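Below, chain A partners chain B and then partners chain C, in two separate complexes.
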Partner chain A sequence: MFSSIRSLWIVFKHMFRRRETVQYPDEKPYLAPRYRGRIILSKDPDGGERCVACYLCAVVCPVDCIALQATEDEHGRRYPDFFRINFSRCIYCGLCEEACPTYAIQLTPDFEMAEYHRNNLVYEKEHLQIEGQGKYPGYHFYKVAGLKIGGKDKGEAENEDKPVDIRSLLP
Partner chain B sequence: MSFQGSALLAILVLLGVFTAAPGLIWLERRLLGLWQDRYGPNRVGPFGIFQVIADMVKILTKEDWIPPFADRPVFVIAPGVIIFTVLMSFAVVPVAPGIGVVDLNVGLLFFLAMSSLGAYSVVLGGWSSNNKYSLLGGLRAASQMISYEVFMGLSLMGVVVMTGSFSMWDIVMAQQGMWNIVPQFFGFVVFLVAGVAEMHRLPFDIPEAESEIVAGFHSEYSGLKFGMFFVGEYLGMVVVAAITTTLFLGGWHGPWLPPIVWFGLKTFALVCFFILLRAGLPRPRFDQLMSYGWKVMLPLALANLLVTGAIVVL
Partner chain C sequence: MPYVYIDGKKFEVADGQNMLQVALSLGFDLPYFCWHPAFGSVGACRQCAVMQYKDENDEKGKLAMACMVPATEGTRISIKARQAEEFRKSVIEWLMVNHPHDCPVCDEGGECHLQDMTVMTGHTYREFRFKKRTHRNQDLGPFINHEMNRCIACYRCVRFYHDFAGGDDLQAFAAHDHVYFGRYEDGPLESEFSGNLVEVCPTGVFTDKTLKQHYARKWDLQTAPSVCHQCSLGCNIIPGSRYDKVVRVLNRYNREVNGYFMCDRGRFGYEFVNSPDRITNALSRTDRSSDFEQVDDNAALDAARKSLGEAKGIAGIGSPRASLEANFALRELVGQDNFYSGDSERQKTLTDEVLTVLRNGPARSASLHDVEQADVVLILGEDLTNTAPMLDLAVRQAGMTKPAHNAKKIGVDHWHDAAVRELMQGERGPCFVATPTRTKLDKFSTRALRASAEDITRIGFAIAATLDDKAPAVAGLSDETLAFVEAAAEALREADRPVVISGTSLGSRHLIHAAANTAFALCKEGNAAELAFVLPETNSLGVSFLDAPSVDEAFEKITRGDIDTLVILENDLYRRIDRATVDSALNRCKRIIALDHIMTDTTGQADVVIPVAAFTEGDGTLVNNEGRAQRFYQVLSPGKAPEESWRRLLALAGANRRNGTTLDDICSQLFDTFPAFGDRLRIAPGARFRLVHQRIPRASHRYSGRTAMTAHINVHEPQPKTDPDSPLAFSMEGYHGKPPSSLIPFFWAPGWNSVQATAKYQAEVGGPLRGGDPGLRLIEPRPDAARSYFQPEPKTDSSGNKPSIVPMYHIYGSEELSSRAAALATRMPEPYIAIPSADRESHEVSEGDMLSLTIGNREFQAKAVVRDDLPTGTIGIPIGLGPFVGIDPNASVEIARGVTS
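Moving on to the complex of A and B:
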């Protein structure tokens, strides 16, 4: 009996407490920079696509929501012909971001993706691509990779030595 | 001067009561929110008050389905019974001097009779649904009824002994000097507990107990019939609050403010207290309620009546 009255009193005192509710659409919650939300494809500092269409993200995706097709431009640079993420399947696990060797695919602190039609949740490349570099500014895959590509020969990458002529090493 | 007994007043009371019931749904949700550190409905209209309209439109326009396995006539009558008995109880409530539907010389007995009849609604609703959860709800309602009904009546007898009348109006008049809550404090406490059990509000919503037996007696009800159970429950809350005000809190008596405002304020405070009970207390098992009723409340009510009677006689 006493404990009942005591619990009533405790509940009554909550009248003067601050309300915990975040009034969501009026009041946006803080999202951490590493929040795993909407997936984007970033670009390198020159404005070129970072994605090299290696399929690692599609392979690692546990729900198979990423689909892409690799192709090459005239310089031998690989890029995805199409890149499609089905957000009605995506579980925002972030494994694609971890798998990506070029920092191209990234998860962003944005979750406001509700749609009236399920088909609208399938994002094509033009919906995924952003005009920025995302979380890794200044990173340019082809500038650091030892790959020969149009306008850049072997050994011209940053921190890369000139190729060694192995025949000159012979005694 | 006196509107008492006029048809117009009866209609006014009816309208007031039917507006109060959906308003109470909103009030309850907001107050529960307040006591649980959240907001409750605050989107539709100012302070979310138009949520009431949205809720009512929704509940009244839902498909009203009668299960093929139900006992049809009883199934249809059951929700009507609760509305009928609760509205009849309002008839004997004296709101303010000259404002009240009827002054029966057995007003208190009439209220007790009507509130007890209301229990049939729950039992019959549970029985006629032909569903094991509903039946369990109905059985629990019956067991709950035999636990609270006895001490409910006895707890009021102290007031009757002091006033010497069963008429609600006489009881209010007799509280001119001192409210009955002072000499009849134990009667007040016992009646409050019985009242909560009577209207099947939490913590004594044992027949409904949605966390144990789906929705208890009204598992099979939908649409307007469910709405009637729902409104009946809220109206029951108002009736018990109004009767408690009348019998123990001095009815319309109070300084400065006009009588009708005092009556409204006291009733409102009690309704808020009932909502606080819901926010703060867990639901007992029905055997716990039974042993509590027979072993604690009944002796308390009897002792209260005995002492009151002795003092009045001496």
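Moving on to the complex of A and C:
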């Protein structure tokens, strides 16, 4: 008898406590920029695709949920022909972002990806690609890589000398 | 066997090695760049630095390059010494100064020796903040991609291309840190072995251009041990596939066969499996004038079964480009009496003769490794560069045997590459070449002679007669020929390990006899003479073991009306026999069932076409020219490509068979029927073989994308297919240790991602694989055989005006399947007719004229090419190019007069 009344009293007291429930989805929780949510593919400062299809994200993925195929444009710039993430397998560990040498693949503070059908969780490149640079502005892989691509000849990357004249013996 | 000390431990090692070899053989991880087991040491890269100590009391030691320190008694080194470690780390740091920030877009990434060595030495941060040197690239043709920025100047490419393989057009240019490796100007690399640069280069300067079109990393490839199907040598290869498509072929080390290298036809010829000519669907039609309709595989098999049931007489035509199992399954289906070998009578006689000579004679059949070890080489009539490229490379190495032997006499070990080459001053071991046309080997020969096939035969007999009085002599040789004969005989007599190389490409049976006589004569002299014969196709010798009549005999029976139904296995008859003969025979047949993986003229004549697996899609066994039976395994997962032809044939025969349909089943029947093939389990383990109860995975443990690669079709991942035929798994799961040598799907060891990991699979570096090299030799010589000599043919009367044919072969184009490969096709020459310059006026032709000629009854047209190396009275025909297929080299040839230019 006493314990019942005591329980009622405790519950009654809670009516005056501060509310902890967040009114999701009307109210959004704060998520830090480093939060590991939905994966995106970003673009470089010039608006070109950042991903160079190096396969490092795919190989580091512990659940093997990233598949892609590399291809090249006519000037030798490499990019993914297709890029697929199976989010129904993804564990949002963020290793792909750590492995990415070009800051292309990034995890974002967005977790609202629920679907009724698993096959809707398979994202292709067009679903992953965003227009901006994401969390890491300013980096442009091809500007530091030695490879020649359209619009950037040999010797035009950062910290590069002009190509060597191999018919000269001068230092 | 000297004792050496590494890091204070005592080891017994083999004689005549250097400390780098010794350390690697003992399992130490010691970084290196310029050293290669096949090229030896030059001590240029300074990467294998170790501390060397005078004796056990020496605590100071000195830095030494392990590759230049001979492993003599009491040598003491330390790999772990701090000074050596720091030195190696800074060497890498200097190399990385100019190395670009490219790894993510570099095709070498993931199998890069430079990456491995950087990690191994512990150089983790790049502190170089200044400008990097850059280079312009060259267009090196359809096979090799060039990215000079990545070069670390180890000189391996030039040492392979120029020093080892004898190529001229890749050199080092410029000086100091500007040094540049390339051609004088843009253009395709001329060497037939240029593809090896991909594996030789420790970084990404030279990469595979065909792989680039569908690039995948090494760790993502599904690979299996395989055997090259592009010539009769049977080089061991590792084809790799990604997304159910073959993307590249890599060499698979087998010391006895191809060692570390392979030719460009083998490396880039794989592309035919991706060709648009592939048969992907079963085809059927009611009469031969109508078009094919695509039908279900089972419907096609039913139609074929029905035809076989209704047939009055059946002939099953096998194929020398199909596996033993496929040929045997056809033999089982149609019955022993109705099985034909698939070779023309002409070729079959030659191949059978080769088999007889090797089986019954005292001379051993030489493997490629044996040829490399030979000190004197005699080549009779074979243009090796174009008919058996890797044999050509082996002959080029044989030229080093004698100089290396001489160097040893004055105490210079063979691995001391620069010293040996300095000592030999361009001198090479004796090599004698007698061929109808110029060959690339001439440059490496002591004497090269141009002669017709008949004269080459006489040369062979004459050499034998000079060596042994009992051998039949030939008379009437010209002075030039006599000089050649005498020089060759003298060198051969003094040789320790001579090898005689010939083949069937000139279509002369007597030439085989001549080569045999020479080798027999040498054996009688007490020398361990060896014989190597080049055969036209990958399983030519294997089919010869099956001892079946030729296609010509089947055609005769068709003409007599005894046969009305043909089953043709992976065989384009038009490439073997004259077009008119094949046409008339096929037209007489009521039903033709063709099994093939690629559309050919023969499948175009069939009523039912059943698609079968190409070499990357099925398992089988081949017998190479040495008589070595070798197993090749399926690379692509089942269901992604048609089934093997033997499985289709077993299914066709299925109604009256209760036997199983796995490789082991067909193999055990095959090996029971033909005891000459020996023990099937000695070729490769059976399908039930397991290591620690596990299969051997075809994919590396890093294989990526399993849960995404088919997710767009079905989000539920399919179960990996099980392989009923082999102990390999279509998966990354299984036993990740070292498998038996015949089952190595890829070379990888912790810390060694590049092909240099091969060392971890060898019993000793550069030696045989652990557990012995794969393959089983089926032919052993009979040293005590009382083999009598062959008699020479009587000299034919050459006073007639009719010219004779000189068959001319091309590495790119003469072989059927590789000529369908996209990259190779760009290197194929245009069809031509070669006229000796001496006969130019009598034929009234000049270079570039459109020429028309008849061979047998068939007319050909092609541009004339005037060659100064053709013997007079001959006409050179490029075998396999354009219309020039199914040509008998012994047929009569005539130039039609009055041709317009």
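The criterion applied here is as follows: the second predicted complex is superposed on the first by the 145 of 171 C-alpha atoms of A that agree within 3 Å, B and C clash if a C-alpha of one lies under 4 Å from a C-alpha of the other, contacts with A are read in each partner's own complex, and residues count from 1 in each chain.
Just so we're on the same page, contacts are C-beta pairs under 8 Å (C-beta built on N, C-alpha and C of every residue); 3 or more make two chains touch, one makes a residue touch a chain.
As the structure is a computational prediction, the values presented were derived from the model and not from experiment.
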Chain B versus chain C as contact partner of A:H14, first or second or both or neither: first
If touched residues of chain A are counted for chain B and for chain C, the larger one: C
Which of chain B and chain C A:T102 touches, first, second, both or neither: second
Partner chain in contact with A:P163 - chain B first, chain C second, else both or neither: second
Common interface positions of chain A, toward chain B and toward chain C: none
Residues of chain C touching chain A in the complex: 100-105, 109-110, 129-137, 147, 149-150, 173-176, 178, 180, 182, 212, 214-217, 219-220, 243, 702-709, 711-712, 714-716
Touching residues on chain B, where the partner in the complex is chain A: 33-39, 276-277, 279-281
Chain B-facing residues of chain A, complex: 4, 7-8, 10-12, 14-15, 17-21, 23
In the complex, chain A residues that touch chain C: 52-56, 58-59, 61, 63-72, 78, 84-86, 88-89, 101-102, 118-119, 121-122, 124, 141, 144-148, 154-155, 159-169, 171
